[in-house]
C-alpha cells in the first residue's frame, strides 16, 4: 500500500536518511524500530508531506505523493499522531472530534452555512470507548498528558483513514493507559487496519507487529518477523551502540 | 504622518551630512568688506520662505507663497537688490514644529539664506527661532500671532500683531458688544490657539465674565463630540473656538449635529474658504486684523494669481519680502546688520498698513474687526 | 449630558469595532499583528471617494464594489507579501515589521495620489441630529450602530456555529497539525484576510461618511482597534466588538471628569491594565495551568 523508494534527506549537512527503501503492506501492522536519530520521525514527516525529501519517492496506493501538500495527503487517507502530543490548545474535545470529519470540502459557503449537527451521543461514545472520563466541552489545556494522548489516538482513528501512522503511541504514559492503548491497537489489528508504528518498547512491538523494519540512519538494516529482527546481531549492535 | 516623518528624516539627514561639515559662520558673506580690489558681486541674494505648503492650513500657505512670489518678481523686474537678483527657497513647515524645524534648519545651514520670511504658523516660528537666533538669521513672520513670539528672540520679527491684542479684542467684543457673560473656550493644542485661549480667558475675566468650560483637543482630532457635549451641558452663551481648518470643519459639523445652539466666535483662521463653506458654519463670527489693504495691491494680486478672494496674510507676506529687500539694500547681507536696521523701521507704508517694530520686533499697534459667515461667504459684521 | 455621553461612547465604540473585528479575524487566524489593516480601510475610503467623484454609479453598486476591492486588497497583501515571508519561516516580528512598512507605503501612496487635505464625502445630506432623550444622534450614526450590531451577531454565530470559525482557530493554534487533519491551512489564512479586509472595507465606507477622509484615517484608528481586540480577548472575534464598546464608553465617560485631551491616554491606560491583569481579555480563554508541551 505504501512504498518508500530511495528516500534521502539531509539537514544542513547531516545525513539523516541515507537511502530508505521498504514497503508497508495492507492490513498488517508494521513497526519501525531503531535508535534515536535513526530518522523514523523524519520519515513520518516526509510521508505526511510536512517535509520534502532531497531525493526519492513515496508511493501510496499507486499514487506518487512525494510532492503533495500535507492536507491533501491527509485527505487521501493517511492519518498520523505525533510523538509529542499535538492538539489545539484553544479548542474543546468536541471541536477536535468534529474537526476530523470530512475536511475534503473546504468551500467557504458550505462551512459557514452548513452545520452538520451530529448528535453529541456519537462523540460521547468515542470518549467512552477510549476511557476518556471528561465532558465534550473540556478544553485541551485541562486534560492530563495521558488523556491527551488518548484523545490524539481517538482523533486519528475517527478521521477517515486507510493508513494509520502512530509515532510512539505509549511513550510517557502510565501502565494503566499503556495497557488500554495496547488493547485498543490489538483490536484494530483484528479489524485488519493498516498500521505503521514507531516504538521503542520491544515487548509491545513483539505483541503487536506482523512485520518489523529496523532502521539506522534511515537505512533498513534488517526486516522480518519480530522474532527474527529482535534477535538480529546488527540490530542489537545499533541499539547498544547509541 | 508618515510623510512628515520622511521629510524630518530627510531633513535631519541632510542637516547632519552637510551641516556638520559646512556650518554657517558669522563672518560677513558679502563681498563689500573684502579688502582686495572691490569686485562686483552679482550672485543672487537668497531668502528663505517657511510656511504650510501641505497639511491643515495649506490652502492659506500656498496662497501666501504666491504673494511672496509676486513681491520677488516685482523686485527683480526693477533691477533686483543693488543689481543682484532676489531668489527665494520655499520650505514646507506643515504648520507644526517638527517639520518646520527641519525646513528652517535646512534654510539656515544648507541654503545659507540671508533672512527668512516665516514661519507662518506660530508653532513653526517658535520651533526655528532658537536656531535663527544662534546663527544670526532674521525671521520676519507674516502670520505668527501667538503672544509667545514676542519673547522668541532678537532676530524674530513679525508684520502681524500679537494675539495679545486679538484675544483682548475678542473678549471685549463678547462682553461689551454681544453682552454675554458666560463663555466656553474649546481650543486646539497649538501655540497659536492656546495663546489666544489664555489671553481671552485673562481679559474676559478681568471684564467680569465667567469661563464656564475650558477644554482642548489635538490639532489632528477629527471628533470633538466630547468637548462639545461638555459645552452644551454648561451654561455657556458663547463658544470661543480657536482652531485650525480641519478640526474646525469637524467642530462646525458636530456642533450642528449636536444642536449646540449658541454663538460660535473664532479668530482669523476661520476665514479659510474651507471653513466658511463648511457644514454648520452659518452664523459663525470671527475676528480678523484689519488690513488697510491697498485696493491697488488687492486688484493686482487677484489678477496675477487668478484667485477670487484675498487669502489672509497675503499682504503681510508681500510686505515682509519688500521690507527685507529694502533693508538688505541699505545695509547689506550681514545678519546682524539686517537685524539692527529692522528695529529702525517705524513708519513703513506697507500694503497691509503702516508697519513699525517695537523693541521686541512686534508691531506697535493692531486693529481688528469682526466678520460673520453667511451663505458660505464672509461679510463684515454689523450689530 | 449622560445620554449624550452614552451615545457618543456607543458611536465611538462602533467605529472602533469596525476596525477591531476585521483585525481580530486576521490576528486570530495568523497570529501576527497586521498593522496595515488600518490602511485597508483607508484605501477603501479613497476608492469610494474616487469612484464617487468620477463615475456616476449608483450607491447600491458602489458600496459593495468598495468592500470587494478591500477584500481583494487584503488578499493580495497576504498572497504577495506575507505568504512568501511565511514560507521562509519568518518570525511574527518580521511579519509585523513588514506590516508596518506596508502601512507606511499605502498611507503615503494615498497622500501622493489624493493630497494630504481632508476630503469630504457628500453623499448623504447633513444636518442637525435626531433628538432622543435630550441627546442628539445623526442618521449615519444610527446606521453605523445598526451595522455593527448586525456584524456582532453575524460574527458571534460564525464563531460559535460555523465550522470555518473553528477551523480558523485551529489553524491559528497549530497550522501544521491542522494540515495533518486535512485542513488546507493556507487557504484558511487566505479566507481570514478576505473576510477581515472586507470588514475593513465596510469600516472605510462608514468612517468616510462620518469622519471624512484623510491619508492616516485607518492607521489612527488601529491603536484603538488593537486595544479593543486586546480588551475583548484576542482569541475571540465577537469579543473584540465588546472590547471596542468598553473602550468607546470608557473614553467618553472618562472625559466627563478629565480634560478631553486625555481621551487617547485612556485607551493606553486600559490597554496597559488589561495586558498586566488579564492579558487574555474579557472573553479570552485562560490557557490553564498544565504544562503545555504542544
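For this structure, a couple of remarks:
All chains are identified by letter, namely A, B and C, in their written order; residue positions are counted from 1 within each chain.
The rule is short, and it goes like this: a residue touches a chain if its C-beta (ideal position, glycine included) is under 8 Å from a C-beta of that chain, and two chains touch if they have at least 3 such contacts.
Since the model is a prediction, treat every value here as computed from it, not as a measurement.
In summary, no chain was found to touch both chain A and chain C.
When chain centres are taken as C-alpha averages, the shortest distance to the whole-protein C-alpha average belongs to C. Chain centres here are Cα averages; for chain B and chain C they lie 39 Å apart. A straight line joining the Cα centres of chain A and chain B is 76 Å long. Among the residues of chain A, none is in touch with two or more other chains. Here chain C touches chain A in the complex through residues 158, 161-164, 166-167, 169-170, 172-174, 176-185, 187-188, 191, 235, 285-288, 290, 292-294, going by the rule given at the top. Per the touch definition, chain B reaches chain C in the complex via residues 1-3, 6, 54-55, 58-59, 189, 215-218, 220, 222-223, 225-227, 229-230, 232-233, 246, 249-250, 253, 256-259, 274, 279-280. Across the complex, chain C meets chain B through its residues 1, 4-5, 8, 11-12, 104, 107-108, 111, 115-118, 120, 126-129, 131, 136, 138, 211-212, 214-217, 219-220, 251-252, 255-256, 259-261, 263-264. Across the complex, chain C is touched by residues 48-50, 69-71, 74-75, 79-80, 82, 84-91, 95, 98-100, 103-104, 106, 108, 111-116, 139-145, 155, 159 of chain A.
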